[in-house]
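Structures given as structure tokens follow.
There are two complexes below, and they share chain A, which is joined by chain B in the first and by chain C in the second.
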Partner chain A sequence: MREPLPERPTASDAGPAAPQPGWQPNVVAMVCRWCTYAGADLAGTSRLTYPAAVRLLRFPCTGRMNPMFVVKAFEQGADGVLVSGCHPGDCHYVQGNLHARRRFATFKALMEFVGVDPRRLHFSWVSASEGTKWVRVVEQVTAAVREAGPARPPAGGPDSAPPADAETARRPASAEELQALAERLRRVAGELLEQQTASIVLGYTRGTLPDRAVPGFITRPEQAQQLVWDSGCHHNLSVYLPRTRGGEGKVAAVVKRCDVATVVGLLQERQLRRDELHLIGVQCDGVWEGDRLAARCRACDGTVPALCDVAVAAEGARAQQVAVEPDPRDAAIAHLETLSPDARREYWQGEFERCIRCYACRAVCPLCYCETCIAEKHRPQWISPAIDATGNTAWNLVRAFHLAGRCTGCDACARACPAEIRLDLLNRKLARVVEDRFDYRPGTDPAQAPPLTEFRDDDAEEFIL
Partner chain B sequence: MEQRGWRLSAEDVRTWVDRLIAEGREVIAPVEGRGPRVFRPLGCAAEACLDPGKTRWSPKEFLFPRTETLYHYRLRADGPELHDPPLAERERVLFGVRPCDAAGLVRLDEVFLDGPVQDPLYARRRELTTVVALACQEAGPECFCTAVGGSPMGTEGVDVLVLPFGADWLVRAVTDKGRALAAESWTRAHAGQWSLAADQVRRVEQRIARAPVAGDVAAVLERRFEDPVWQETARRCVSCSICAYVCPSCSCFDVHHEGDAWGGREIRCWDACTFPLFTRHASGHNPRGGSAARYRQRALHKFAYLLPDAERTTRCVGCGRCIALCPAGIDIHDTVTRTAAGAEGEGADA
Partner chain C sequence: MARIGVFVCHCGENIGRTVRADEVAEFAKRIPGTVYSADYPYFCSAPGQKILAEAIREHELTGVVVAACSPQLHEPTFRGAACQAGLNPFQCEMANIREQCSWVHPDRDEATAKACSIVAATVERVKRAQALTPVQVPVTRRALVIGGGVAGIRAALDVANTGSPVVLVEREPSLGGNMARLSETFPTLDCSQCILTPLMVEVSRHPQIEVLTLSEVEEVKGFVGNFKVKIRKKASFVRAEDCTACGDCVAACPEAVPNEFDMGLAWRKAIYIPFPQAVPSTYTLDADRCLNARLDSETGFRLLACVRCSEVCKPRAIDYDMPDEVVEREVGAIVVATGYKLLAGEPAAECGYGIHPDVVDGLEFERLLSASGPTGGEVRRPSDGKTPEDVVFIQCVGSRDPKRGVPYCSRICCMYTAKHVALLKHKLHDVRATVFFMDVRAGGKGYEEFVQRVAKEERVLYLRGQVSQVVKRNGKLVVHGVDTLSGQAVELPADLVVVALPTGPIRNERLSAALRIPTDAHGFFQELHPKLRPVETLTAGIYLAGAAQAPKDIPDAVCQASAAASKSVELLSQPMLQREPTTAVIDDTHCSGCFECLAVCAYGAIERNEIRDRRGAITRVVARVNPAVCEGCGVCSVTCRNGNIDLAGCTEEQIFAQLAALGPAPPGRDTIEETDEGAPARAADRV
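Up next is the complex of A and B:
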């Protein structure tokens, strides 16, 4: 009979960094049945010896290995994880390993960003005939994990939060300019409803709190007067698009440049039909929270993208030209990347610890549209519903990873988060990894496929043993 | 005598908190650090933040934790074995709680203690907890405690009440439990000082501009169960649970088990009626399948359902956090008062 699961270790139980005498690392090896498993088998039948630290889990294909499995392995106390499968070109399902290559390249960057020691996570191609390579890989991986020492909960050591964003030289658009845009917007919306081009207009209306616009659903031409346009129009209204039906007419939506990027994502993923949409692009000089210009606005000129059906922009010369500045999220990411893995881990654990699992990040994300989220699947339960370090870490990592190559950086999640977790940095980091590796920028071309749904034969694999 | 209370300097308050900690109590107070201001256990008095404003969410998690183990189980050869989690042992002081949050704890008591069965884990924690409330120095645009019978210096659920008095503080024990925290050596306050301090808080109270919620709101809302207002308002709702999780009086939870047939634990985690999964049946049918039905449930549970007696007209304590934090800008006070007033539609959308 087995012993009950112990209470999860907490920071105060964290052991010393130095391993106990006689400690042997626990390495979970997730291997594909056709190549690496057979290769490991060959090593055995060939009487080759290798460290006994690895526990093999056999999968049909590396393409079947959800990065969530790796999160689970670490959660359950693995000291290291090895993912191994067929060489490119050898996949029994033709392309499973090529998809996996992109996925794990991105996932590895995420894990390193949240402070998982790179010595703990490895990938390799080992074919059925490479018994000796399997031995070499296991020796190499075990040595690296041994050097990293036993996995332990974060010990509450020093970390360092990113410094405050640099000051912006930009100023909110003038009241007259905003007023002029608002009036044009009302006219456009009124006409769309009048002419029955659209049966509903999603826009911003006045809320009950000062300086805060709220989403509004306008269905009658005279209601168009309720629409507002100012520097407090934060919401990304495209979250409402997939669930809004226009009936006879189209669904019109007021969109900023950043919102259009998520509309592109929804079009790419077939969540919207372009011919049922009418996009009212409004020139945006940035949204402000008090005296702070939103991070995503700093590097955005706010012009109306060509995808829009109608542009509501200032006429003639503008009072103020928008000066594009460096994105402060990049500076924050750069800061975190100067920290040691342990300090970065402390930082992110500190962030995730605050999570109350309200799932507002998911709810406001236009691209989180799954009918049933993985967080709510119980059989098996990959993400613990417990609102504690373990469940919160799994949730935040899986959420971020599901948006890799898809998130357009609208920061709706970070803005909604009552715990102020820096979700924007996780998303931005992954967006940059995807851009660097796959030369892909989400939200630009509705005809493109998201990068983690495809592959190229020559995708970089410098991280694969 | 007790009504006179004491006058403490900021230094006295720090000494007081440090003494409470030194005597072995866990003192939990608003703390500022990375992220928003929230209640956390203090290492020393200097960590506490008694500045104007309220914490991002209520301190309810210290009585009703986000997640807690209900029991461990293990299957042995001779049958299953169950182990209760240990009961709380250490005395606790919730320090610097706003009156709305203290009133919220009374609502939690009604759920966990006043029914036919008491929740032993909650009951033990509650017994060990003393609430030191701090009257409000300011009111936000979302605040509406006065609309639901509260006050920025309300004493419902409060053991010790603290009022700001210039740079000093006036302290009064409201209950015997609160009196036990006081020190012999404290300077007595005068009645005049109390009335000055109370005037100050009343000025804060006057800044709360929101209309009172009528006494018969429960009946009216139930009559307007099919009112289009629910549909119109909830159209914006994105079905997260910020409102419920930051709420001082929301008490819903779900029970999960972690482990397998041989051993594991049963845990209780916060849950919210705004999630579609909250009421979804195993068959797939969901009696509250749309966000409007779920939002109506939340509003009615705050203002109409399960009120313990005729005195109590709402379960809402008017802290306004759900309004300030709603990512869709939904305002429960606005919805309820307008619906109760019989207004067509809702606010600016009408």
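Up next is the complex of A and C:
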């Protein structure tokens, strides 16, 4: 017979970690079989001793270790996780550890950003001849985890939310300017359909709310008159592209500068074919929600990228020059980074706790194109479908990690989220990590390989023991 | 329903001293899914293995956990025993409670608790282990050798002598490579052609070797044991079967061009045989130098301005319409022996190489020394044919020079320079010879003795120093250098200067791309492991021989050639190749075709699979694993965002179950035991 579940401890009674007397930390070590596992064997053959807290899991290669396994280990109650493999150049599979180095560098940044105590997650290179190093690493890791105390269930606290975005000096483009662009856009779209260059045009049409355009699918030249262009054209229409078939003609889409970046991502990942696509780039002075300029627009000049087949832009001098301002998301990230890991964890748990798992973030994301999502995979179950701290945290982490090096910051997810979770900050943080570490900015070059499919021999590894 | 047996070994005192094995066995009995457990002093002993086998039969076990030493030691033993008792070997796993438990944790309670936890996790792993059978790959019993130099020749002969057919592809009109150009070889000073040409003839007469000269590999498809290779046989415009090698055509040909075989120091005709002992011994019409215009590279000449060779050819062997031919061969193994060339860079120009005709490189000097060379073996300088009185040899002209040349040591120059000095002195007793060197590296059998003998007996000045430039003054070359031992500047007159240029790779991007094998920073082909797998490459079934991998002298090149041949034969001698079944597995039902898996695979094991509808139109392009090539690293599995790639033998289901078994029950989660295999056992709850 099932016993009733014990009360879930809350943040207050879990309190600062107060280990029970005799408490032993539980450290899971995921190691590769060729180097670290053999190094740990050598420590044994050499009769060295180290803390018994560590339990080894043997993998063929660090390249096999999905960062989500770490999330899983924490879910299952590990107090600390160690990932260890071969030194660069020693990999039995030549480069598995170099791929792992990039993945885990990115993943570690994510974990730290959501407030996982850095003392709980460690990485090392230990070769088959480094029995003594293995002992040193285990001692160091166990001591750090012991200091961090028993892992406790996450609990939310709303107090550390980032401050509101700074005021913008920019003003919406004038109605005349927008009107002129809209007319030009209608003409271009009409001609494309008339000449049968395109058989469908994805654009914006008038919706029921005054400041919000809705997506429109135009297939006849006369319908082109329904197209609108104003500062309410929020949607990233590229989300529809992979599943829109043009038949005989191409699929044309109205794209802003930010949308083009996701189209580039889709081209890179072979979800679109350039020759089946006709991009109508429209000059954009930013999209507004009431009197608030969208965060992603602040640092964007809105010009039409060269990738577009046709540019719809203002002729002659423009009434207002677009002033590029600092991205307010960066200020919010900077704020969160000033907090202690615990406070950051509480903030993010507070965010994740509101998640209702509606997956709207996934539905609107152009790069979440998988037909079936890992979140729906069972046997084995990667992510608990339960709407609780465990399931919500796992979902939000996997979503963010899957977009690392790919997300172009269109913020469609954050806009769609009914719980107003700051998904944009998670995405933006990882984009900056990828840019800083791998010198890669997503959505710029369709011929470029995604950063997590590549590596450089000299990728930074300051986080690896 | 899983029926797992757990066998806890005491390993005498080794485990038993700190881990209470009987307690671990008792604990194991309570893990859901285990139906049998036992402890025993030595399970690896014959009686121990018998207990295991009997338990498998008697209790109809579906999985076995041997809690003992490291799997690196006895996994094959126990998997073998389990296999003999009728279990799939992959359903037997080891729990390492010796190296990673009893030997490293002195506290009995801690060690026993940890052993229980390791056993629990391993039981969960075995419960979910699939029965795997080795991947069987048919093998085409034929080898391809690319390059007909001494390494390629040796490899071809070694493979062919085991009875396997060999296709030997050579780019030039004749076999022989650089070795055929050499006058004598160090340290024995035996004639190079005298030892090489018998091998060339043996290759051409060997019933198992097909020699394709004037040919290049264009395309390599397939994988280990099953390569399909396209080879372009360039037109020689002379039908080999008709040519009698009489040489009448050469006399008739009006067009003279520098002879590559003599390093451009002599002339040949547009129709030619590279050297008298060439194999095959037929003439070749050099389409680029013949007076007849060639409009289309694949279908012979179009406009005939000169037919003199054809007119004098009695057997009518000349065919101006001969097209290139592309032949296809199926092979199981490939040996790459494309050799080396000398690299002339900035340091060479400073020494006057390429500027003054009397500054020659090592291979040019070989031809000047050779009895079959342009001077008939008399050493005369190229500019005016005068016999030199002062000869200066300069070592490391670009080698060991990371800034302006190559950082590595070219390995052969110290030895061939000593040989050059010896041969020069034998021919011209009174010549003054000076060698500028950095260090003399003579690490080979009989090498140091040879250098010492030359330096002592041949009255040569070995000067430790560097040369800054070679200039021409009053009709004579002047070598400006510095003696680095004394620090003094030196100026030496010279009639002939021999520079030791770096040995570099023959960069052939197309070949490298076709073979899918990487090159190192300098362009040499990369071996799989610098020490332990020096002839294998990243692509299974492709092996390296000779200077294509790194600078090598003849003995080392031949040695590696035989090693590559032996590796090839190892592969070709099996009718079916057995590969580990622990490979990536793709469920392509939900593959979205982003091909990030393909991008990260180092082995080219992932292919694009086009799924077509009934009318043959492509509906989807999805990823597919070729299990014959997959090495089972699992790097691809992590790229797949919706989890369609798993790794046999280390599945995600197994990993999650192990993680669950290792952790304590997190607070707030239920800790109810279920008796089916869905609920992982938690060690911490029970000990």
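Convention: the second predicted complex is superposed on the first by the 444 of 465 C-alpha atoms of A that agree within 3 Å, B and C clash if a C-alpha of one lies under 4 Å from a C-alpha of the other, contacts with A are read in each partner's own complex, and residues count from 1 in each chain.
In the analysis below, contacts are C-beta pairs under 8 Å (C-beta built on N, C-alpha and C of every residue); 3 or more make two chains touch, one makes a residue touch a chain.
Treat the numbers as computed from the prediction; the structure is a model and nothing was measured.
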**Request:** Have a look at where A:419 lands relative to chain B and chain C in the superposition and call it first, second, both or neither.
**Result:** first
**Asked** Regarding the shared-chain residue A:463, is it in contact with chain B (first), chain C (second), both, or neither?
**Response** neither
**Of chain B and chain C, the chain that contacts the larger number of chain A residues** = C
**Item:** Which of chain B and chain C A:208 touches, first, second, both or neither
**Value:** first
**Item:** Which of chain B and chain C A:69 touches, first, second, both or neither
**Value:** second
**Asked** Of all the chain A residues, which ones make contact with chain B and with chain C?
**Response** 2-3, 5, 381
**Message:** Taking the touch rule as given, give the residues of chain B at its contact with chain A in the complex, in rising order.
**Reply:** 34-36, 38, 56-57, 66-67, 69, 72-77, 83, 141-142, 235-236, 238-242, 244-246, 254, 256, 258-259, 262-265, 267, 269-270, 272, 275, 277, 323-325, 327-331, 333-334, 347-349
**Request:** State the interface residues of chain C toward chain A in the complex, per the touch definition above.
**Result:** 70-72, 96, 98-101, 103-107, 110-111, 113-114, 117-118, 121, 528, 538, 582, 590, 592-596, 599-600, 602, 621, 631-635, 637-639, 641-643, 647, 650-653, 655-660, 662-670, 672, 684
**Fill in**
Interface with chain C, chain A side, in the complex: residues 2-3, 5-6, 8-9, 24, 26, 28, 33, 37-38, 40-41, 43-45, 47-50, 52, 55-61, 63-67, 69, 72-73, 75-78, 92-96, 99, 103, 151-153, 269-271, 369-374, 377, 379-382, 402, 449-450, 452-454
**Prompt:** Touching chain B in the complex: which residues of chain A?
**Reply:** 1-5, 7, 161, 205-210, 212-217, 226, 235, 239-240, 350-351, 354, 356-360, 362-364, 376, 378, 381, 384-388, 391, 412, 415-416, 418-421
